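Same chain, two partners: subunit A is paired with subunit B first, then with subunit C.
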Partner chain A sequence: MIGASISRWTMSYFAMALAWLFVALALMVARVGFPAAHLASPDTLVLVHVVCIGWLSVAMCGALLQFVPVLVAKPLYSEKWALPALALLTAGLVALLAGFLGLGGRLPAWLWLLPLGAVLLTAGFGLIVIDLGLTAWQRPTGPARFVLAGLASLCATVTFGAIFAFAHAGWAGSIGASILTSGVPLHAIAGLGGWLTLTAMGVSYRLLSMFMLARDVDDRKSSMTLAAGALAISIAVVGGTFAIWLSSGLNAVLSVVAVLGLATTILYGRDVIEIFRSRKRRQLELNTRMAVLSFASLAASGLLGVMLVLTGAFAAQLGAFVFLVIFGWLSGLVLAKLYKIVAFLTWLETYGPVMGRAPTPRVQDLVAEARASKWFVIYHMAVWFGTAMLLADQPSAFRAAAAMMMIGIVGIIREVIRTRQLADVQSPLRLPDGACAPHLLFARS
Partner chain B sequence: MIEYIDVDVRPILRAGGEPFSVIMSALERLEPGQGLRLYATFKPVPLFAVMADKGFAHAAQALDAGEWEVLFTPAETKQTAFVPRAATFDTWPEPTVQLDNRDLEPPEPMVRILAAAEKLAPGETLSALLRREPVFLFPQLEKRGYRWLGGFSPDGTTYELTVRAPS
Partner chain C sequence: MTDQLVEQIRDAMRVVIDPELGYNIVDLGFVYDISVVDGAVRITMTATTPGCPAVHFLKEGVASAVVRVPGVRSIDIVMTFDPPWAPSRIEPVIRASLGFAAVN
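For the complex of A and B:
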């Protein structure tokens, strides 16, 4: 087989990811974790890992299993690993969360659950990294390089996380304990900045230019963006580890990383603006319009970060900053692209075999963008309102924002299910002879 | 003694093109008992499974600068099952349909190519200009028994695709 076929389990990854996002929002509404609890509390650890592993990482893995073969025009190294990887990630996350709940006294303190979770998560992410890495490595150009940098960052993130998990259980000795004491920012930077952000940037370059009929960003320009981002992550991981080893404090390292991170954001902004300027397609689809809202959140995160550093309030307002990065920028972009990917894959799966032989609907006929837009807008408004309420230290109003985000998410999930069910396709075109209706949770291949 | 036919796809790969069709057409020209010596800019791991299906064992050897030489040797048991076909790309007729799909939004180029391909008479070809490598089109063409040849123009802005209906 040549080219890219439909990844069988991408829908399963998306479904699992959306379920975890729902759990995360329910936790926030129910006042579990930050801001109701301290930033470093076990409850906050539960919330953060539900969002970062359950929602963002699982969604990203599902998207990459489909997208990396498209980027390099080669089949996935092993389609067979996708489902075991999802099972390992899910089991690992559940064990990890149970361990955190034990740390917080909500469950019996079975601290061995944390290393168990770490081992399962390492195995799951390991399968993903090898599978995607070997696929991307066949033609490591353009956006594929961002994915490779993201995968390298994922390895660093998982390594730190595993050390923390073993240290919590008391199995990592004094070195593990000192890494646990000071290494949390490095774990977060490698995960949010390296794995999730660099990968999302790489994927967005290709998707944006594809759907707007724009030129691909010049390789030299995107290389600069990638170089700045990769340098930031390398300095955080390597420099930060040295700083912990020398017990010299992380401030110098984190300052350099912050400057490089800001530079990466600005360079990425320049590249994205160029894609929008050179586009041949004036009318934008929902996925692009909603991606713009997430770019606005990324820009706002950069500005907010600078302002907080200048006013000396960064440490105190770290929660608000991370909230905007996670829910405005990363989640916003993932949701917008997920909406499009589901529609496209469902269309290809259902109508690909009969295309040219029978009249088929267009991809746009599978979605109702006007109806879906309002859920996305509600979600983004709620995120910005929530960020403002965190900055203003208004926990009750923040809960209201989380509830509003939940309404938006439920609406988006309903739209995605309708797409999968072909519910919006008019009946003569809906299932031509030879086409068969897709399953909700996986693709027929 | 196996005689090996050389196929060097390094120039195609360096130009960003897709050598699969070239390899397959070389394969079809092989006489019984002949093997294929392939030169590529990377280790063509996915090809190994394809060639194994067609009854070829592989032996890969790394050359300088990350390049690879791979020997595909017909397995004794499969030799009789492999019937070389006479058709080669040299005998492809001029395209009967020419499509310029460069300014269509995805997936419209794929829809039009498949629709036009369905109208081809046996053995006829169509050509299409695209902005990107049509990665989702290839599996559909393969399932329908079409063959194709494609690659980017030297300036890298246009992908030129020729599709031939099964004869």
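For the complex of A and C:
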């Protein structure tokens, strides 16, 4: 295969993901969940799952449906599974959230909604894991190995989550109850560290190299980064489960995982610097400049984590640390790459079929980077301000930061919609003879 | 006569651009070889990234552009990544405007 085809439903995944991100920010502005409520409260569970499943996981799945075939230069195992998977994930998340709201007394306590949500989410993620896993497995080299490690971590995350959901409903026996009591850190590490972070790292290697025309990272170096990351997640999942079984506490396991996590971050930083140094395009596009801000947040998360551990304040400030990881590093990177992927796919869909028959615009003609950059900067500044306000225990100022993040996100969403509408492409290049305007929510194919 | 046809084919291909770099594929140095035997055209070309979804459209675009050139009876396009494309293949004026490092 010389080139991957266009993924029909990636735009639908992105649209759904952005809608959930908007919901998450609205919840924070409305003081639902942390920091207005305790980290383990049902309201915080609602907020965390809207962000981690609705926003980050759905966006990541949409990107991978397009990108894994590019990584391995093989077609996707099954394009037909993409839409049912999105429907299952959405229905599962809604059921899960309704269950959490029931736990918190905001809805009737229909706790069976939690296992129902878990089953639907397991089915949705299962389709994604099989589809992407079988595709990546055809050529498991370079960044594709990060995706495979990420998918394995996703399986672990979903398994823990499903046990928790059944335990909440009282259907998981004493073993389920003890895993629910102690296993939440393992669920979070497998999800944020394994599934989302390892996958984002792998994808970023290839995207950065592609868009900056840089040398691919040396396989031995990226293997070392992946080995450190995968070992951290394996120890968290396997060692942590044993520790719960032996009732020995998680402190020893979490200490080893923290050291390995920090090593992974440092090794990844070394790899990213190498990509930037070897780039042939000297001028950086918006998506790369904004990715740098997310790398800064990742580095800041590492430093913050070390400082909090050294001062004995990690447990007390866990919320601020996780906030910076989720919104600074993961969301920052996903937003930057989403902005570029939407423009690139919109170009392919609209102008690819008429190439050779009529003059066509460039991908960069579909975006207005000077106008868009301010929304990204507002978003990142707000995230950093929000982190500082959480550390300083200033919930009112944190709400202001969340509102500022929302302004940035609304601006970015508007830019992405303008890209899909070809609003910034000048005539007569906008719609040459034979070209069809793209649909906002899916690719015509 | 054949040289003239090759030049006409090369000119026709300038309508096809690399969407990322924004310049036509001829000036970007994507076209490795054009050969013509009795109106049968064989083009050997490349792109920046193997596996990229744009590669298929570049190939189709070249076929659409070249088929209109008078004298062309058939087209065979060979996509290759050996040798890989390098920025040194870009026309120097365009290379400078694209912001590529001077040492490539």
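As a convention for this text, the second predicted complex is superposed on the first by the 442 of 445 C-alpha atoms of A that agree within 3 Å, B and C clash if a C-alpha of one lies under 4 Å from a C-alpha of the other, contacts with A are read in each partner's own complex, and residues count from 1 in each chain.
Here, contacts are C-beta pairs under 8 Å (C-beta built on N, C-alpha and C of every residue); 3 or more make two chains touch, one makes a residue touch a chain.
Because the structure is predicted, anything quoted here is derived from the model rather than measured.
*Asks:* Assess the superposed three-chain arrangement around subunit A: do subunit B and subunit C clash, or do they fit?
*Replies:* Clash: subunit B and subunit C overlap once superposed on subunit A.
*Asks:* In the overlaid three-chain picture, which partner chain does A:M210 touch, first (subunit B) or second (subunit C), both, or neither?
*Replies:* both
*Asks:* Figure out whether A:Q138 sits in contact with subunit B (first) or subunit C (second), or with both, or with neither.
*Replies:* A:Q138 contacts subunit B only, not subunit C.
*Asks:* By the touch definition at the top of the document, which applies to A:G356: first (subunit B), second (subunit C), both, or neither?
*Replies:* It touches subunit B and subunit C both.
*Asks:* Once the shared chain is lined up, is A:R282 touching subunit B (first), subunit C (second), both, or neither of them?
*Replies:* It touches subunit C, and subunit B stays clear.
*Asks:* In the three-chain superposition, say which chain, subunit B or subunit C, touches more residues of subunit A.
*Replies:* C
*Asks:* A:S5 contacts which: subunit B (first), subunit C (second), both, neither?
*Replies:* It touches subunit B and subunit C both.
*Asks:* Between subunit B and subunit C, whom does A:P75 touch in the aligned arrangement: first, second, both, or neither?
*Replies:* It touches subunit B, and subunit C stays clear.
*Asks:* Based on the A-chain superposition described above, do subunit B and subunit C contact any of the same residues on subunit A, and if so which?
*Replies:* 1-5, 69-70, 73, 210-211, 213, 280-281, 344, 347-348, 352-353, 355-357, 360, 363
*Asks:* With touch defined as at the start, can you tell me which subunit C residues reach subunit A in the complex?
*Replies:* For subunit C paired with subunit A, touching residues are 15-17, 19-22, 48-66, 79, 87, 98-101, 104.
*Asks:* Using the touch definition up top, name the residues of subunit A that touch subunit C in the complex.
*Replies:* Within the complex, subunit A contacts subunit C at residues 1-6, 66, 69-73, 210-211, 213, 279-283, 344-345, 347-348, 351-353, 355-360, 362-365.
*Asks:* Which residues of subunit B touch subunit A in their complex?
*Replies:* 18, 20, 42, 45-46, 50, 103, 105-107, 110-111, 114-118, 131-140, 142-143
*Asks:* Which residues of subunit A touch subunit B in their complex?
*Replies:* Those residues of subunit A that touch subunit B are 1-5, 69-70, 73-75, 77, 134, 138-139, 210-211, 213, 280-281, 344, 347-348, 352-353, 355-357, 360, 363.
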